[in-house]
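Have a look at this one.
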Amino acid sequence: MIDRDQVLHVAKLARLKVTDDEVDRMAEELSKILEHVETMNELDLEGVEPTSHVVDLTNVLREDVPRPGLSREQALDQAPDAAEGGFRVPSPGAS
Amino acid sequence: MSDELLNLTAAQQADRIEAGEVSADEVFEFWRVRAGGDDLGSYLWVADEVPTDAGTLPPIAVKDLFCVEGVPSMAGSRILEGYRPPYTATSVRNLQAAGARVLGKTNQDEFAMGSSNENSGFGPVQNPWDRERVPGGSSGGSAAAVAAGTAPWAIGTDTGGSIRQPASLCGIVGMKPTYGAISRYGMIAFASSLDQCGPLTRDVTDAAILLRHLQGKDPCDSTSLGIPGELPLPTAERLDGLRFGVWGMEEPGLEPGVADSVRATLGRIEELGGGVKEIELPNARHGIAAYYVIAPAEASANLARYDGVRYANRSGHGDLTSMYEQTRHDGFGDEVKRRIMIGTYALSSGYYEAYYGTAQKVRTKIAEDFSAAFEEVDFVVSPTSATVAFKLGERTADPLAMYLSDYYTVPMPLAGIPAISIPCGLSDGLPVGFQIAGPAFSEAGILDAAHALEKAIGFEGVPVG
Amino acid sequence: MTITEPEARIYEPVIGIEIHVQLRTRTKMFCGCALSFGEEPNTLVCPVCLGHPGTLPVTNAEAVHYGLMIAMAFGCEIAPRSIFHRKNYFYPDLPKGYQISQYDIPLGTGGRLGDVRIHRVHLEEDAAKLIHAGSSGRIHGASTSVVDFNRGGTPLVEIVTEPDLTSAAQAADFGRLLQATLRRMGVSDVNMEEGSLRMDANVSIRPAGTATLGTKTELKNMNSFRFLERGIDAEIARQEQIVREGGELEQETLHYDPQSGSLTSLRSKEEAHDYRYFPEPDLVPIAPTEEMLERARAALPELPAARAERLERDLELPAETARLLAFRSDWGDFVERAIESRNALAHSVANWATNELAARVGDGDPSATMLEPKAFADLVEMVVQKQISASAGREVLDVLIEAGGEPASVVEAKGLGRAESGELEQIVDRAIADNPDAVEKIRAGKGQAIGAIVGAVMRETKGRADGGEVQRMINERIGS
């Protein structure tokens, strides 16, 4: 039900590296879970509204007033690689 | 004094502090030493000294995923190893403001994904009733600590049963309030529309005290409401006039010993004047399926921020994609990866309607089931867990089997309603949990009913010390 | 039936524009950090906009207000209940690994601005900024970038038009109207160079007169209306050439380089993102109340398109002048204040404003000078009534701009008033007497010779006389 290729595609979307031996095991485990998940299709859900919000609230809004945040030191404190006042990363689309 | 404190509930200790018989700092130090001596794997961090700010309540053990400023908060995951938040969760701040200081951070299934605490990136937790067995999960550390007497009380989080099920397996009280009762700000997120903070305690009164302090509308959490009205401490000793609807006793996976204990409890309800009848929750059987789509889907997005850019660990030397992939491969455990994969798949192009869309509709149906039930009864009751604590390693090979541990607890978060688990007896020497669920914001009623029942049951915890 | 070969067909462009507007609120969309205007990197950040574990978004009320204003300005239908969605993808400038945006239930749908229908208006948050690393250069031989999260979380309104535009010039014009409109509303700086107004174009072509839609490409990164126009023109040409040669067009994203005029592909279809949209569980829906709608409605000023129409109609200004004054509301405000109820002066005041005043003030705001609107109108009136010459008027204007005051006082102080009638007649008579050759020529039919006599009079009066008036007097005396 979910094959190797799909596993690799989904892993790519999720930026998860899966090794070769992991792929097959994943495919098997995920297939089993999805099989159970699909039992939902036994139900007649015609005309049922999906629940996208659990609380019955609307318009929870914040006043447009600045609040103190973090200092740069605090912001960069936990950075794996801080440089030039920012968070350094390999450039996208570069090699 | 030490033996005394060990046998007192948190409320009783608080009374002693208020009466001046013992200082809050002495109480803190006592528990700090107890926590430090924990050998069940319950703790990932213990305070190394009594804090300087004043306290008035016994200290609280908090599940690792609650951000506490300057304290390692890793949600039980290697990907956040060493992460120290620059802020403290609102729920914890509320407790600190009430005078309960943080005792330690408890072990948990990684990112709250699990039902046995075997998915922690830092080792499993043992059940104090039988060290070869699991304490339940994902708040396994919190439950074990309270049960074993290495914490006077604790908080955890419940998304599909992660407070109630470990409470059940460890023979203590655990409660998940109505969704929105307690702020989620500072709770490292698993599934946003399901996660709720809640107490794990020795008795119902302690749970009520914590709930009072924890709840409230928080400007930092748009989905928070607090619990409207008063939340008085429970005092009920009878259940006259209350109607209890029991559900799920015919499930094939229900252990006979658990069923017996639950039936005995139903008998006690009737003795206390309550009415018991069987009810149906026709769509609840699909709760697991819906839950294991919705929770992973939300989680797949919530965990996307763990990318090695701004905090915690980073792996991979090479291009950006390698950095992402290696960081996440190295940092996340197997269960987390599985759920991210399922969640991503369920949301991906072409599959949304079939999986996520369908699951959200099943969710509506389950909520409707409860609404209908609450027209006939005041509370819906059931076993909390189909089994008593299972052995370490017993279910790790089969993820689906592990998921089915959540059968009785999953429908309530899907419907957003509150539920409590109280110990109701033993089966083969291991605790059985009895679950009481009520309509949204019926916490006061649930606590009262649980209080009366608890007294009647008279459950004895694990001998500690 | 003859089938027209691709080479011989006429193609028409089909263009839609996607606009991102940074709002001028005080704080970010979902947290209380102040907005950045060139501050040091990572100094306007907090756990929320850095995407720290456990943080949650809370919607900015003012951003919603501005969003409603924009949707109403276009006459959009306001959704009674709109929700936020998560748009999921990985990029270093996206701290949560998803952008909070709106998907299938946006704030507003179906409106219009000028000739162009508006498809939708929605709210979202801006990404952070990726700066190419300077001295940090390379690690392990690979190039690096540095992320600055100051901009991350800035409130954005996204506006998407229907593909109603039929030329690059029209697209640029639409852009200018949109910019003027949003600027008038005060909801954004709408500065394309600074990035508070970003416009992308979706371009396709089809055989003229047909209704089908061809493959469309997306053009990004044009940071001026001129470049937008050139880029679109270049893309239309590129598409036409491919189609005429019988080739197939690919759906792709292109970058236009104004220096070289070339179009380069940024992303191809294979890399198209699967955004896995789902409703944002951390936020609740926006259900605009009567109060919110009324507040947005009341906050809408007269918009440029409407103002231009009114100026043309009520003040009888030429269309181009009306447009100029409507698109620059500071100029329109100044001119209308100057005219006040003296509608008879409208034409002249507007004319002087768009010519003489504009030449002196340039791109700035006329009310930022010392010149008072009423003084400006008074000055124009003096010229119109020939109390002073036009060139004297220009001299007075310079003074008023610099030092303020009343035109009458400046005229008197500088002695720029009209020469007394009698005095002028004497000067004219003298000039005629001094230039008999010119008089001869004029009588002989060479009208231009009058210039010498006029010039003499002007010199004598130091330019205070009105040239036309002098000419009339000369002709009167000469009898031609």
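Per-chain numbering from 1; labels A, B and C assigned in written order.
Note that in this section contacts are C-beta pairs under 8 Å (C-beta built on N, C-alpha and C of every residue); 3 or more make two chains touch, one makes a residue touch a chain.
Predicted model, so just to flag it, every value in this text is computed and none were measured.
Chemist: Hey, which chain is the most central one here, using CA centres?
Modeler: A
Chemist: Applying the document's contact definition, name the chain pair with more C-beta pairs in contact, A-C or B-C.
Modeler: Ranking A-C and B-C by C-beta contacts puts A-C first.
Chemist: So, what's the distance in Å between the C-alpha centres of chain B and chain A?
Modeler: Whole-Å distance between the two chain centres: 23.
Chemist: Indicate the whole-number Å distance between the mean C-alpha point of chain A and the mean C-alpha point of chain C.
Modeler: Going by mean C-alpha positions, chain A sits 40 Å from chain C.
Chemist: Chain B to chain C: how many Å between their CA centres?
Modeler: Computed value for the inter-centroid distance: 57 Å.
Chemist: Would you please write down the residue numbers of chain C that are in contact with two or more other chains?
Modeler: Each of 47, 50, 58-59, 90, 92, 139, 142, 147, 274, 276, 281, 283-284 in chain C touches at least two other chains.
Chemist: Name the residues of chain B that each touch 2 or more other chains.
Modeler: Answer for chain B, listing residues that touch two or more other chains: 83, 86, 193, 219, 222-223, 300, 304, 307, 309-311, 318-320, 324, 344, 348.
Chemist: Which residue numbers or ranges of chain A touch two or more of the other chains?
Modeler: Where chain A meets two or more other chains at a single residue, that happens at 13, 15, 52-55, 57, 60, 62, 70, 81, 87, 89-92, 94-95.
Chemist: Per the contact definition, I'd like the list of chain A residues that touch chain B in the complex.
Modeler: For this pair, the touching residues of chain A are 2, 6-7, 10-11, 13-18, 26, 29-30, 32-34, 36-43, 45, 48-55, 57, 60, 62, 70, 74, 77-81, 87, 89-95.
Chemist: In their complex, what parts of chain B are in touch with chain C?
Modeler: Answer in residue numbers: 65-67, 73, 75, 80, 83, 85-87, 89, 184-189, 192-193, 219-223, 297-298, 300-301, 303-307, 309-311, 317-320, 324, 344, 347-349, 352, 356.
Chemist: Residue numbers of chain C touching chain A in their complex, please.
Modeler: Per the touch definition, chain C meets chain A at residues 25-27, 31-34, 40-47, 49-50, 58-64, 81, 83, 90-92, 130-136, 139, 142-149, 274, 276, 279, 281, 283-289, 292.
Chemist: How about chain C: which of its residues touch chain B in the complex?
Modeler: By the definition above, chain C touches chain B via 47, 50-59, 86, 88, 90, 92, 95-98, 139-140, 142, 147, 274, 276-278, 281-284.
Chemist: Can you list the chain A residues touching chain C in their complex?
Modeler: Answer in residue numbers: 13, 15, 52-55, 57-67, 69-72, 75-76, 81, 83-92, 94-95.
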